Amino acid sequence: MGPSLAPSTEADSAATADTPDAGNPGSRKAGFEVRLANFTGPFDLLLGLISKHKLDITEVALATVTDEFIKYIRRLQELGEDWALDEASEFLVIAATLLDLKAARLLPSGEVEDAEDIALLEARDLLFARLLQYKAFKQIAGIMGETLEQEARRYPRQVALEGHFAALLPELVWRHTPEQFAELAAKALKPKDAAPAEVGLDHLHAPPVSVKEQAEIMGYRLKLGAPLSFQTLIADADTTLVVVARFLALLEMFRDRVIAFEQPGPLAELTVRWTGADADWDSSSLSEEYEAGAESYGTVSEENGSE
Amino acid sequence: MSEQETVQDGLAELEALPGGARAALEAVLMVIDQPATSEELAAGLNVTVAVVEDLLQDLQREYSGYTVKAPDVDAVGFADASTAPRGFELRNVAGGWRIYSRSDFADIVGRFVLEGQTTRLTQAALETLAVIAYRQPVSRARVSAIRGVNVDSVVRTLTQRGLIEDSGNDPESGAVLYRTTSYFLERMGIGSVAELPQLSPHLPGLEGIEEYYDASRM
Amino acid sequence: MSEQETVQDGLAELEALPGGARAALEAVLMVIDQPATSEELAAGLNVTVAVVEDLLQDLQREYSGYTVKAPDVDAVGFADASTAPRGFELRNVAGGWRIYSRSDFADIVGRFVLEGQTTRLTQAALETLAVIAYRQPVSRARVSAIRGVNVDSVVRTLTQRGLIEDSGNDPESGAVLYRTTSYFLERMGIGSVAELPQLSPHLPGLEGIEEYYDASRM
């Protein structure tokens, strides 16, 4: 602690600035309402109903929700509301979870025949739990943020030891030669590569199917211009895993706003159309939920928030 | 000489000084730069933990504006200066005692103390911190799975800020596990992670999922 | 609005806080590390120097065991706690004010300080010292970024041990910069920092390391 004596307006504002309650989605979400054939109400309530099984996720036209949301955000921007971006990125996270959820629910759920089907069923429940958990942690994070801010208004006394006490300290034992010290410095200064999070075990159980790779294939086909049905897109898939990977890839691409879905009704044929203005889009912008390395999905939600 | 006697001598010695044991404790509180436990303070002052804890509570009350003798003060109809809150407070956080400036004066104190000022955490950092706090020890991959995004850079920032730390490796996967630090407790103003708000009220419609998802941890 | 009025407003504002202007001044004095002059304190509190000097003298007297209302206390024959000296004192050293532990308790404080002190630097302290030695002058935030952990307490230890010192503020960020001391050179057995061994033989592929850190400089 080496406090400076210079009065600082910057430090001052850091200590006093009020944040709009960044952690409480309830208070911020209040504005956005979803209007669907089978549901009208705030987005949060929609999530709540889905999580309580009172509304089947497969009955929710997510495209409609998204369209409405985009309209809502545009309106906010026109009104000069500066938290539109926050709300938009939060929506993306939640919508992505909903999409995953819907993806899992839409998968054929007939007889449980093999381990793959069981895995898919479990994945569906996990997604469910994840959605709930995510919401809970979001609320808790809001509470923690408020606590941290309140607590930051107290400054601990942590002054340097007074000279006469410092003089009492026993002489340091020092056994390093300059060379050993340099070695230590070299070690300490070496850039630290992020340690691998863990050793992946997935490949031991199933042949790897890369969502990213499938996204590239989907992207290539769709960029030709003509809308394609999902059936066409998976016609050459030789395993269920490839079908799943392609579907997830499409969801990811939808999240990247480069494609659009059309589906006249539940379980009707799903048509996919390229809408990306950016002809340069490639799969490297995909989330690393499936692939390690990229950062793109992270950036939207990582950098938004209260700053 | 028995230990009991030594301890008694310690107290007698302190009481002989101007201001007594209470002032001696105050003097020690002036030089600590991190929370000190009542055991550490008792050992340093050579008195029992019970004595130190009484003294700490006295001081805490006094700094907050109520002297132990408040009724007497009322009785003589004289509002002594010591019944007004002081500019600082004594708090028990992260398992130890430490003196802090009172939060009412944050704006003024902030003009003098530039460092130690922490910039506010982003929403992403807060959420990651929350997950780690409630799931510790936990790997980055697991936090990622819960938050649905890659958390590597946020975890790095939190580590640099001293809010979380490496707590060894998962015996199965070998993944680095993270836990919150005592500095985190200090910043939250709590004594231990057990004092964090309950998570369950924030989990809607949880029936069954809890056991399924994470029986051991909720 | 004249300057005089502004200053008066500052005082009224302080008096409205719990404990008033005196507590506000106390709050500042309790947490500053470097002694502050009455001018600096007056500027920070937004009151006149005369007001601050009155308050400082009040506090100094009170800490030493005499409240401003001591005669009243005598009159009612009641020795209030606040008339006993506190464990700390307010001293004016080299033109600046700061709160210190009271010298009567030097023995006790000294004993407390010595307890738990080791004569050896921890690995964390050594590595931090090494980073500072080779990157000086350098801010704590940058050392933190390089080491990937919070180094606040280690930097305090190294300062306390006289191995590093404050070398002014970064012109851009205002952060305190640290450099090694002549005591450090003495312990290393070298005449100047220039005599520290070159790093390159120990660090293959060092080229570009500067850019690496500067890019992510915080």
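To keep things simple, chains are lettered A, B and C as they appear, and every chain counts its residues starting from 1.
The working rule: a residue touches a chain if its C-beta (ideal position, glycine included) is under 8 Å from a C-beta of that chain, and two chains touch if they have at least 3 such contacts.
Just so it is clear, the structure is predicted and the values come from calculations on it, not from any experiment.
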Could you quickly compare A-C and A-B and let me know which has more C-beta contacts?
A-B
Which chain has its C-alpha centroid at the greatest distance from the C-alpha centroid of chain A?
C
Length of the line joining the C-alpha centres of chain B and chain C, rounded to whole Å:
21
Between chain A and chain C, what is the separation of their C-alpha centroids in Å?
41
State, to the nearest whole Å, the distance from the C-alpha centre of chain A to the C-alpha centre of chain B.
32
Where chain B touches two or more other chains at once, by residue number:
29-31, 33-34, 88, 99-102, 109, 111-116, 156
Two or more partner chains touched - positions in chain A
1-8, 155-159, 161-162, 165
Name, in rising order, each residue of chain B that touches chain A in their complex.
29-31, 33-34, 88-89, 91, 98-103, 106-107, 109-127, 129-131, 133-134, 139-141, 144-154, 156, 170, 173-176, 186-189, 196-197, 199, 202-206, 209, 212-214
Residue numbers on chain B that touch chain C, as the complex places them:
14, 17-20, 22-31, 33-34, 40-41, 43-46, 62, 65, 67-69, 72-73, 76, 78, 80-82, 84-88, 99-102, 104-105, 108-109, 111-116, 156, 159-163, 165, 181, 183
Which positions of chain A touch chain B when the two form their complex?
1-8, 11-12, 14-16, 19, 22-23, 48, 51-53, 86, 93, 96-97, 125-126, 128-130, 132-145, 147-159, 161-162, 165, 194-195, 197-199, 201, 287-289, 294-295, 297-298, 301-307
Touching residues on chain A, where the partner in the complex is chain C:
1-8, 10, 155-162, 164-166, 168-174, 176, 178-179, 181-192
